[in-house]
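Per-chain residue numbering starts at 1, and chain names A, B, C, D and E are given in the order in which the chains are listed.
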Amino acid sequence: AQSDRDTGGDPNETQPLIFAGTGDPRSLDPALANDGETFRVTRQVMETLLVHESGGSEIQGGLAESWEQSEDGTEWTFHLREGVTFHDGEPLNAEAVCANFDRWFNFTGDYQSSNQTYYWQNVFGGFAENEDEDLPESIYESCTAEDELTPVITLTESSASFPGGFTLSSFGIMSPASIEAVADQEVGGEEGAPVLPEYSQQAGDIAGTGPYTYGEWDHDAQEVTLERNDDYWGEPASVKTVIIKTISEESARRQALEAGDVHGYDLVAPADVEPLKEAGFQVPQRDVFNVLYMAYNQEASEELEDPDVRKALAHAVDRQRIVDTILPEGGQVATQFIPDTVEGWSSDVATYDHDPDRAKELLEEAGQEDLTIDFCYPTEVTRPYMPAPKDIFDIIQADLKEAGVTVEADSKPWDEYIPHTDSGNCSLYLLGWTGDFNEAYNFLGTWFASYDSAWGFRDDEVFEAMEAVASEPDPEARVALYEDANETIMDYLPGLPISHSPPSIVFSPDVNPPNASPLTQERFQEASFK
Amino acid sequence: MLRFIVRRVLQAVPTLFGLSILLFIWVRSLPGGPAYALLPENATAEQRDALRRAMGLDDPVIVQYGAFLGRLAQGDLGESLQTGRPVLTEFAMKFPATVELAVMAMLIAVAVGVPLGYVAARRRGGPLDALVVGGSLVGICTPVFFLAFVLKLLLAEQMGIFPSAFRQTPGIDATRITGLFVVDGIATREWDAAWDALMHLVLPGLALSSIPLAVIVRMTRAGVIEVLGEDYVRTAEAKGLHRRTVRGRHVLRNAMLPVVTAIGLLSGSLLAGAVLTESVFAFGGIGQFIYSATQTRDYPVLLGFILIIAAIYVAINLLVDISYSLLDPRVRVS
Amino acid sequence: MAARTERIDRLAELTAARREEAEGRGVWREAFARMSRNPMAITGAAVVAVFIVVAVLGDLIAPYGPTEQNWGDEVFPNRNVFVGPRAENWLGLDNLGRDQFSRMVIGARQTLMVGVVAAGLGFTAGALLGGLSGAAHTLGGATGRRVDAVLMRFVDMMLALPALLLAVSIAALLGQGLVTVMVAVGTAQVPIFARLLRGAMIAQGGRDYVLAARALGARRRRIALAHILPNSMGPILVQLTLSLATAIIDAAALSYLGLGNPDPSVPEWGTMLADAQRFLSGAPQLAVYPALAIIVTALGFTLMGEALRESLDPRLRK
Amino acid sequence: MSLLEIKDLKVHFPIKSGVLVDRTVGHVYAVDGVSLEVEAGTTYGLVGESGCGKTTLGRAVLRLVPVTGGEVWINGVDLAHLPEEEMRRSRRQAQMVFQDPLGSLDPRQNIESLLMEGLEVHGVGAGRSERRRQVLDALDAVGLPERALNRYPHEFSGGQRQRIGIARALVLAPDLIICDEPVSALDVSIQAQVLNLLEELQRERGLTYLMIAHDLAVVRHVSDTVGVMYLGALVEEAGSDALYTDPRHPYTRALVSAVPVPDPVVEDTRERILLPGDLPSPADPPPGCRFHTRCPWRQEERCATERPELRTVGEGHRVACHYAEEIAAGEITPKGVVGPR
Amino acid sequence: MLAGPLLAVHDLAVTFTQRRRRDVRAVDGISFSLDEGSVVGLVGESGCGKSVTSLALMGLLPTRGVRVSGRALFRPNGGNTEVDLLALPNRRMRDLRGRELAMVFQDPLSSLNPVVPIGRQVTEILVRHRGLKGAAARSAAAELLERVGIPDPRRRLSEYPHELSGGMRQRALIAMAVACRPRLMIADEPTTALDVTIQAQILELLKELVTEEGTALLMITHDLGVVAGLCDEINVLYAGRVVEGAPRHELFRAPTHPYTSGLLESIPRLDAPREEPLTPIRGTVNDAIEWDDGCAFAPRCDNYAEDCLGGPPDMRAERTGHRFRCVHPVRGRAPEPTLPQGEDA
């Protein structure tokens, strides 16, 4: 259907690039969102101080050319690029940056709901004035303009979330004029039913600095149109118009691509990768940036308190087969709880190869030849790190059976699964995480820093290893500590890391695809029509 | 007539009211909840609790229901937790797609079903009859989503005749007025946009029409068979009327009476959201939205949408009754 | 004298030849007799019979266990490596290296169970509701009519929700599981049965034989249970047959929406079909087998239901 | 002594309508003040046009429709005011034969259980064999063989079905049988068989019949006394011979003159009174004499305003017409009467 | 200068063929004729083939599963050309129906289309056959309604069948039948569903129309009383054949076939003393045997003798115009019972 409208000339100028996401974006203001579909759109328009390198996971300068941190890690000084202007013509300067941070810090009312400002809370804690007693004190203190192009952000304490946190799409910088214009548009609605402000629902109200500007958000047709910013500070985009559509159904996305209705889509089902490639589509490979693990909850089953049992189960699972048959190309067996693209990955961790005999032996030693254990897995869901939970469960179940372990299946839909596993109802369960930014703490911190009912163990060695990382303000120094922590964790084996899975993205043959990013942060300015 | 309408509308009030209570209890007793569906895996327990509180989900159900009714009285159905937009806005955005789709499916079903049913009845017992009846039964027995896939595979991917997804080609220059893309295109004389939207309706329309088509074929057939045996058809024949007069005025007009009811009821269920078809064709109507609302436990959307749908359903039933009474003078309401 | 008797015998013979003798057969037996001449019914019954046999004897027929990943190292769905039909696996392997034929055969039982339990549930609850309402309406006087009105409002409420939506709602409420699917699909059928039975009972309630029973002095309960109810069963029995088909299809739809039976150890056609959608591009056969099985089985039940309807329908008789 | 005595019986069916709750907006005056007596062992015939309330009257006697007013005395008991349960038990005394022989038989019951039912609900007869004997007796009385017992209603011809219906009424050995158009659905030859059977049973068992029919010839043939109904009321009552030879009410005259006789000689000479128009709606009966809208002898004023009482004009002859005598005497001439042809 | 009867039916036979069932011979060789302007009656009990005969003549039998044989010669426009109604192509039949041949059915309610106003149902035939249009057709329709005695015809035009009383409906049907002044009108039990007083009105109307318009009438009924007053000639049908045919006075004076006389004796007559017993024919029409085996009436016949079973009895004519199909006709009235009474014997 596409080619009908080819009227000759440069397709980049005449033809929109249509890309299918899996859901509608939530807001055009990334500060009010926490989902990838929103960020896919906003990232093209609203740029952050720091970014991950194109197609990789190394942290680089974004709007800030360079940055420094103070010794104690509480002061972050950024050196902004020169000559950057917002889409509304205003210049990018330190004041503009600070205006953004101050705006977020001073959010009130329903903006303080974690549904709206999840990432701010995740990285900075609370707000200037917390309205909910459960919100922690904010670690954000202030932002000052040291000079025209040098904003300094001061924290009350150092955090392992930085500098990575500054790459978060949520912290895309908006023009001061926009901030002023939307200042009076509070999150509306009654208590318990916040309505997102109008500016976040329609194009035209907010300006960023990115290679694209918001063209239109057609809610009826479920499409967001991005128009090229010809005054972009960097290399301008090739394609004039990018349209991001919603196709929530996996196979519908594939069929739309095959029928030529879209030029690309994200989250390709692993089983579709090969056939698509054979049909001439391009499936650029992303590096892995996530982890799937099978957690052992030692409070749910005391048998798991025995390290031999934990190890036996690890030996029983044929993780290679999962990678070979279920994950898309580029998937890896996980040796630890972070992928090797994250700094702090250790090559010296203890490994547990697939060895059913060894598993049986260990179980025998532990006196658990007839172990019966419950195993939870989620339904109605595929996550980037876990494309087919049921199939993975099936394989593990068969493996465990081979080692003499009987599994009692317990499945829940996603929204029930999380509280179910969090509160320690499952002895074994599948879960994982896709990193927000390149910092091992973003993975390990939530799991192993202290006692967690989701894991149900207390191990001082592990907790201390994590504490050591958290209190080290120097990012470089942290790397070595992470390696130690990973080794400690894998010795203790609180759960079995299974795999790292690259979520696939696909493009039609007539497109030069953008660099595939392990953090799924593709930049459409890199794409063009052949 | 007016009295009849008023009566029916008033009768619907307790039904809808009862339904709202049931729905409310149902929706609130769903396990899990938006706090878990909306936040990422790594969110802390505190964050989830805070969100629950912020959404007012910690209050007793009766208090929540009271608040809901209070807002409902002002015509406010709350806001979607998923998208942060008012439920009514959300409905207004999704409903036109569903309407377009339902109308298309119904048009196909009627335009194809009635003639087929008539022919089958006329050739009752013959091979054509068996084919039509058998085909309609197969239509009923095929899971809609599977049919949709097959249609897409053949007509969109293999032959490329129709587009495989969306309501309109992305980026097409179209003005939105009503949200019904075809209507908008015609109203604004953007003929290519209208045509484009129409072409996008064909496949989902076909897929969705399979069940109504089968029902209409069979009802028409049964109706025509019955009417053909009626004395008044014999009277008409005895008057030597032309075949088409007999067929149109005497046979079909009467045989269509039950079909009209069926069309109404079928439209009701089509409008309620063709969950499967919409998701297979990325059509973005209310069915798909309700489905995703069940996944994210978007309570206000579930409650609001289903109530609106029930109201629409009741309204359609009323329309059916009214049109029935227009078509059949015997049941004409005073 | 003898001649006369002979003449009479001969006459009786000739008379008998003209009549179609039907000795002591009730309405139902007549209906079944008619059905047994109907090719539609025969086809339907044959399909259903095969289906039931397979469902019951599945374990004996299936050469392998349905969950044994015996050939797990031969199938790589992510690399588009599937194994099609071959001597040891008649229908090939599924995505985890299990024997597809065995899974289909054993899946029949689950599918049958879903159909039977769901339709049975809808039938029972619907018949109870409809029967109560119908009996109240026909025999209960003014109070009865009020009871009926209240019950019918309730049914209206259920009817105001489209079936699939109702099923999705219930599935969401109950959490996933085989029971959920059956309850969800069954509940969606309740209002249909209730309406049908009530309608039939009200129609029958106006018939003369009900009046005759009252004139005899029979009690209301007896009239409702012994006369009205049995005569009103036709439509809902037809619906029951059709519901078996609908239930199987609806269960597949629920599975497709991810609300199906999540227990992977027991295969079920709907779930298999839904799961196979993922491999549609690489291994369409995985979807085609269960889809065909569902269509054919549903068709079998539908044909039987339609034939039953026809044979019970006085207008279509003759 | 009269077995059945009906006094001023009224059955009004409410017509309901309303916006939210139904209100009664009017009534169908199906039976509106009928008084009559039926002597034990005789047949009282009731004729009238369709919709005049014959069936309703018959049903009201058994309280199968709600009685609005009046009394129904059978064997010294006023059925119209009996409590429900007692009424149910009293139904044994009076049974009914219906017009539609097939419709009044439960299609799923075989003849045995059909005939047994009455005995069972009233607990008649000690044990099954005794009941079976009574059933066989009734079956024999209507001329059906024993092997009919395990057959089903649809396997019989119309006449046989009506016999079954009569047998069902007979098993309970009632005093009164209300026959609501027992033969109008039957072919003439069968009709005669059933009529003969009814007469025979009356002779043998001393039954009393309330015979409802629209066919004047049939009613007259079987009845001792005939009542003519028009719009819910009796307009004339007389011995069955008198009714034909000496009809007093204009409506009866018209009725008698309209019945075709299978004899060309009679037909060619018969005087015909053609009534104009149709039966008015019983929901909105005309004031005064209900028949005045169609009456060829209608007089100004009185007929349209004053409702005539049923009054005795001769031995066992009652009529509800203000001008019965004047008409008989030829003092009033009719309009629109077609003479002999 | 007439070339013969208006309609002459020779050996009309209609067989219904059904899958997996034996064929049903509904009409088994009926012959009769009908002169212009005359009234001929067909009487018989239910199921003897009266309606099937009339439908066959009108060409209204279903096209499948029916075998029709014989000839029905009709002279359209009263001219000398004869057409065989049974062999005429459907299109030509359509032209004849409603214009030359009209029919009135038994149940006036079900014979009118419930969802089309009366006026429309009357005008459509005028539009079809008389080429009238619009207002002309409407006023012609109103005239017709007036003609058949419907008061206030203009208002009635826009009413629906259910708003009319039974008598009015039958009048409306008759209005449609006479709309084009047909040569022949077939009335299939036109008064059976009506009350006697209304029946009298309708019969009067039919008589009037026949006399005034010169239309021939084929009157089908089971009521001997009706034919006695109306018909010039009467044919009695039994099991698909004419068993007796005669002018009406002749038939009632001297019924010759035992069936005819049986019928006459089983109806209660208003003019006879009421004590006079009814003599029913025993059994039912279902007891009829195949004509090929002998007289179909034999099992119910009081005059039954062995030779009744020697194949179909021939039609005999004793006196002019009086024919009957019987081996042992009634002579006088002294039936001698040969079989036990009761129909289930």
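Note that in this section a contact is a pair of C-beta atoms (placed from the backbone, for glycine too) under 8 Å apart; a residue touches a chain by one contact, two chains touch by 3 or more.
Chain identities (UniProt): B, C = ABC transporter permease; D = ATP-binding cassette domain-containing protein; E = ABC transporter ATP-binding protein.
Because the structure is predicted, anything quoted here is derived from the model rather than measured.
Traced through touching neighbours, the fewest hops from subunit A to subunit D number 2.
The interface carrying the most C-beta pairs in contact is the one between chains A-B.
Subunit A and subunit E have Cα centroids lying 89 Å from one another.
As a whole-number value, the distance joining the C-alpha centres of subunit C (ABC transporter permease) and subunit E reads 49 Å.
Separating the CA-averaged centres of subunit D and subunit E is a span of 31 Å. If you average the Cα atoms of subunit B (ABC transporter permease) and of subunit E, the two centres end up 53 Å apart. Counting only residues that touch two or more partner chains, subunit C (ABC transporter permease) has 172, 175, 258, 277, 280.
Among the residues of subunit B (ABC transporter permease), those in touch with two or more other chains are 31, 149, 295. Residue positions 286 of subunit E are each in touch with at least two other chains. For subunit D in complex with subunit E, the touching residues are 49-50, 143-145, 148, 157-160, 187-193, 195-196, 214-218, 220-222, 240-241, 244, 254-268, 270, 272, 274-275, 278-279, 338.
Contact residues of subunit B (ABC transporter permease) toward subunit E in the complex are 125, 230-232, 234-243, 245, 249-250, 253-254, 257, 327-330. By the touch criterion stated above, subunit B (ABC transporter permease) contacts subunit A in their complex at residues 31-34, 36-51, 53-57, 67, 71, 78-79, 81-86, 93, 96-97, 149, 152-153, 156-157, 160, 163-171, 176, 179, 181, 279-282, 284, 288, 292, 295-297, 300. Taken in their complex, subunit A has these residues touching subunit B (ABC transporter permease): 1, 5, 16, 18, 20, 23-24, 26-27, 32, 34, 110, 113-116, 118, 121-122, 132, 134-136, 187, 189-196, 200-201, 218-223, 225, 241, 243, 245-249, 251-253, 255-256, 258-262, 380, 383, 412-419, 422, 431-433, 446.
Remark: subunit A residues 250-251, 254, 258, 269-276, 278, 321, 324-329, 331, 379-381, 388, 390-391, 393-395, 397-398, 409, 411-413, 416 touch subunit C (ABC transporter permease) in the complex.
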